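Down below is the structure, laid out as structure tokens.
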Amino acid sequence: GTFGDYGGQYVPEALMPAVEELADAYERYVLENEDGFVDELRRHLRDFGGRPTPLQRAAALSERYGHDVYLKREDLLHGGAHKLNNALGQVLLAQYMGKERIVAETGAGQHGTATAMACAYLDVDCEIYMGRTDINRQRPNVFRMRTHDAAVNAVDAGSGTLKEAINATLRDWATNVEDTHYVIGSVVGPHPFPSMVRDFQAVISEEAREQAIEQIGDLPEAVVACAGGGSNTMGSFANFLEDESVALYAVEAGGDAITVEEETGVAPHSASLSAGEDGVLHGARTKLLQTEEGQVVESHSVSAGLDYAGVGPELAHLVDQGRVEPVHVDDDAALTAFHRLSQDEGIIPALESSHAIAYLEDADFDGPVVVTLSGRGDKDLDTVIEESERRDVAAAPSMGVFTE
Amino acid sequence: GTFGDYGGQYVPEALMPAVEELADAYERYVLENEDGFVDELRRHLRDFGGRPTPLQRAAALSERYGHDVYLKREDLLHGGAHKLNNALGQVLLAQYMGKERIVAETGAGQHGTATAMACAYLDVDCEIYMGRTDINRQRPNVFRMRTHDAAVNAVDAGSGTLKEAINATLRDWATNVEDTHYVIGSVVGPHPFPSMVRDFQAVISEEAREQAIEQIGDLPEAVVACAGGGSNTMGSFANFLEDESVALYAVEAGGDAITVEEETGVAPHSASLSAGEDGVLHGARTKLLQTEEGQVVESHSVSAGLDYAGVGPELAHLVDQGRVEPVHVDDDAALTAFHRLSQDEGIIPALESSHAIAYLEDADFDGPVVVTLSGRGDKDLDTVIEESERRDVAAAPSMGVFTE
Amino acid sequence: MRETDAMGERAIRAAFEGGPALVPYVVAGDPDPEATEAYVEALVRGGADVVELGLPFSEPIADGPTIESGIRRALDAGMTPSRYLDLVADLDVDVPIVTMTYYNLLFRYGDGDVEPFVADAAAAGVDGLIVPDLPVEESGPLREACEQHDLALVFIVAPTTTEDRIERIVEQASGFVYVQARLGTTGARADVSEQTYESLDRLPDADVPTAVGFGVSSGEQARAIVAGGADGVVAGSVFVDIVASGENVADRLERTAADIKAGATEASSASSVSEPERT
Amino acid sequence: MRETDAMGERAIRAAFEGGPALVPYVVAGDPDPEATEAYVEALVRGGADVVELGLPFSEPIADGPTIESGIRRALDAGMTPSRYLDLVADLDVDVPIVTMTYYNLLFRYGDGDVEPFVADAAAAGVDGLIVPDLPVEESGPLREACEQHDLALVFIVAPTTTEDRIERIVEQASGFVYVQARLGTTGARADVSEQTYESLDRLPDADVPTAVGFGVSSGEQARAIVAGGADGVVAGSVFVDIVASGENVADRLERTAADIKAGATEASSASSVSEPERT
């Protein structure tokens, strides 16, 4: 249950039995394929989810950087992001465990949507907690969750964003733990969540590694993936961890700048791996954006999906070990990468994924590089248009067609 | 170039040389795989587009109807609809022909988006014509086209919708025909478009047929696909045409009612196959919604993507021959099917595709049925919410979470 | 009903025989049938040798914005194929009338058979047809009906038309050959494109006259075009613009027609003794 | 600095010896440190045997909306771990003080080592700790530090806690065992859940006292809980609500504390001669 110093099960006693029950189920069903759980999950991921996703050589990026760039196309997964790998895995596991009800937190709404989708598919009751602020700024995803008939519970506390939604979901779980499973959306939380979510997302690197060997004839020089909570990151890295020749880059949201304003309790970035300090949050010891006194700060990123003060404990450990290199790109660079991919490759990437793409500008690679495109960016269009205009991003096309 | 009495090349003389040049290129590259065109296209569809798409057994629908229902998941194609099959094929063909510029019309914006995407991917200049009314009610798709750096040319004439956009694109093509290819979005237009677009979309039924044989062990009893212009329909049927045991249902948009109001020149539906009369429009003889005097009427459907007064000439022929059965479902039934699939199967379908799903309620099948899910419905959420509320559709979930 | 010496195809040819012909275009029923009658008369007073009268269709794919607007006005005012034929029958002018329209209207008029329209058109006094969405390849049924009823079927030669297509078109053409001055759609322009001269040069000495259209709006252009070898000019958008203005329409139609006709005639006198002059 | 007869773990145990104990909770620094001092004194006047004083943390996952609001008020007013310890040191009451907070604050205080906080807390006069996000499994380092500095480390037993976990918890517990009355989070409620009695029944005759919390807000509830076998009651949200109102706070805290205490005491007298009475 731990990764070096990180991880653990820092949860209220009321949840410990559920956490232990889940750890047991994880071992039996996920690790040992009891009752054919893994086989069934793979079938769902193929038929419902659309796996495998392609590993695509990006012609324009390859030309730009003078070496082959391959995109792992998680944006083509049902729902438009890698999130479904995990949501489907956990909802199915909850069914194997006999749980009748699913709760989940969501920030930008991607995990909530994936969970609602998986619950509709597998016919399980679903309630999603979402901060009031997020509800009002992520309306399309709220519509999608409601369209899948999931209840969306508004959380009015605090700033009304992801942290508060997690707190509220933990409370719901603590109240209804006997018949309810909490589908955590990333490689965070108490054991077994970080390991379990990693395993559900590891299909990304399982496929990418096979595809690389088949298409490139060799392992890539590096794998690049964006890191918020880190589920896409760990999923992209998992099957390459033992390939020592493959460098692993976790690209964090640099936001405006890598600082913490102690006074206001705000970090204008979300780079927990690069700039966080050890702490304990949401069930695990990990790297956190926090004040000197240990209060968790409000993080920031132009990408709502990366905007989280914590990070998966295993990633924290891999960074300390030197196996994973944390890097970061700022909001402007991510926006520019968003436009570059849209214009040059015909793919509108999620703003999260745009961070990974943007890192290619800073990097100095020689060989083939795999970049995980964790999701599609339709959901981000309004934000990108607004922010590109506000910041006068040179790469942004004009939207003047409406003005006549 | 004809299908029975239908088809032909009813275009201005200025375009005839281009149409002949295209017919020649179609034969050489598409039919004869000259220079490996077909191989290259298949590679792009796999790596960039995400083909093959799954044929998924829909558990809830199968239970509801008492027989197996399989969904051909074109919603998982890059861009979210089957449109890319054709757009990518034509843009690549234009490159093989040495054309430097692409124009296309778009109504709801799906074909324009797919074309813009393909042009960004293949690095070709792209201009999309779109009616002013459509631009203002389909903003997200306009954003997507602009994000791919395609020019979006507003067409102010008439009602500012698809017909006017087609007219404007034909005029652009007539003006710039020497260096420009017109990417028509459906199996309409002068020869070779109906055949060529069918062939590009036939990958749907090529895969579905193989998948059915592999998964079901037999051919399906029927294939059901929605029909607007008919590219999804012909793509879904093409490889089953010679399987006489397989019934083929083209589901048209019944709108409010199957009538034509001669006075106002409006048809409150888009069921050209079911209710159209022979005529000549946009380059081909086909079935049309028109007044007794031959003026083309404004069609209607809650689904903008089906809202077209014409239909592919080959479909018209197949209907006359009795090989394809035209059926129709109305707006309310399509909305209900939209909600059913979203809630019971975890898939938000395009409103176009919802018509095909809705037909299962009326049909009386025994054996396995393949329904093509031509696209995803994220784009339709606003319309569906508004129309469901206005019509008081019982299956629609409340969106009250915003009202507090 | 109007009366002319010759009918149909022969009438049109005859109209080109007395020197360069002016073929003006207006939309029938824009803004109403009575006005159209007056406008056609004005054009004839201004020197029109043939009148091209538009029968409005809802999808005018070969026309530019100006004529498209005229078509919408006529449709909104209730113009139909039957009313169109009534209007033609009522015209009191002694020049040939050529109907410009799209194929679907002819097709629907006879429920899939184009002969009934041609028969009724001939009876109403129409002398020829121009159908811009009907290339020679698809023209068989209409050509047959036109021959049967002695109507001209005018084909267009475009700048993109290949040599072997020109041959086929000229072979099938009757009345005159419509030389499309430039790529694109109809619409008034100030210049004469180089494509016009190239197209004229490419036309062999056919036994049908040639008239250049698409963008012709002034006497100066007409002079250059006729000097370039054309037997006439077609002008449409410039007249439809005048109709749209609603101001002093008949007078201005007449004066503009006279201006264009004068340019054409002037070039004809010059070119009869020298090489075609090009501007 | 306040002075008491015993310190730390022994002081807490002693507080449970004179009959059923009342353990009220307020958030330190809500709305400011001076007010908190006055409120703690009022609670003691009302009969508090131990005071549970919240050290506010930004992510109070085990608390309900009432206490969460108190925590935000305290954080907004500038409460920090250092100021908290200053506040405790300044308190002038002779009951034990138990710090309720979350693990990260203790962890950060010593830059990853919890001992410095425990040492400073002991020096400031804190007698015990309740850390709701710290299950026994993760409690090793903190338990060690608490033993070293003679502080009680109070563990929670929840309705979901299994038999073997109860055994382990009771084994590790010091001061008292906090019996969580129901699933969910803190927050005042009107009734006493059946789970409360079940939990109390499942607790073996440990040598640490038991106090029931989560939802206790009235003397009637306290009476039932003590009648059910508890050695004390913990009440928080009811007091934080009074603080939030800002009206006549000290008086109302004292009266409410007295009311709950009276209920508990009444039950104790009754139950010393009869079976636990259940409502």
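Side notes on the structure shown:
A, B, C and D are the chain letters, set down in written order, and residue numbers restart from 1 in every chain.
The definition used in the following text is that contacts are C-beta pairs under 8 Å (C-beta built on N, C-alpha and C of every residue); 3 or more make two chains touch, one makes a residue touch a chain.
For clarity, every value in this text was computed on a predicted model and none was experimentally measured.
Annotation: 98 Å between the Cα-based centres of chain C and chain D.
Our note on geometry: chain B versus chain C, Cα centroid distance of 38 Å, whole angstroms. With centres taken as mean Cα positions, chain B sits 34 Å from chain A. Between the Cα centres of chain B and chain D there is a gap of 66 Å. Shown here, the protein chains touch in a chain-like sequence that does not close on itself. The full set of touching chain pairs reads A-B, A-D, B-C. Looking at the complex, you find that chain B touches chain A at residues 46-48, 50, 53-57, 60, 73, 75-76, 78, 80, 116-123, 135-136, 139-140, 142-144, 146-149, 152, 154, 339, 342-348, 378, 381-382, 384-385, 397-399, 401-402, 404. Residue ranges on chain A touching chain D, taken from their complex, read 8-18, 157-158, 163, 166-167, 170-171, 174-178, 265, 277-283, 285, 288, 290, 292-296. Only residues 57-62, 64-65, 68, 72, 75, 80-82, 102-105, 107-109, 112, 132-135, 137-138, 155-162, 165, 169, 180, 183-185 of chain D touch chain A when the two sit together in their complex.
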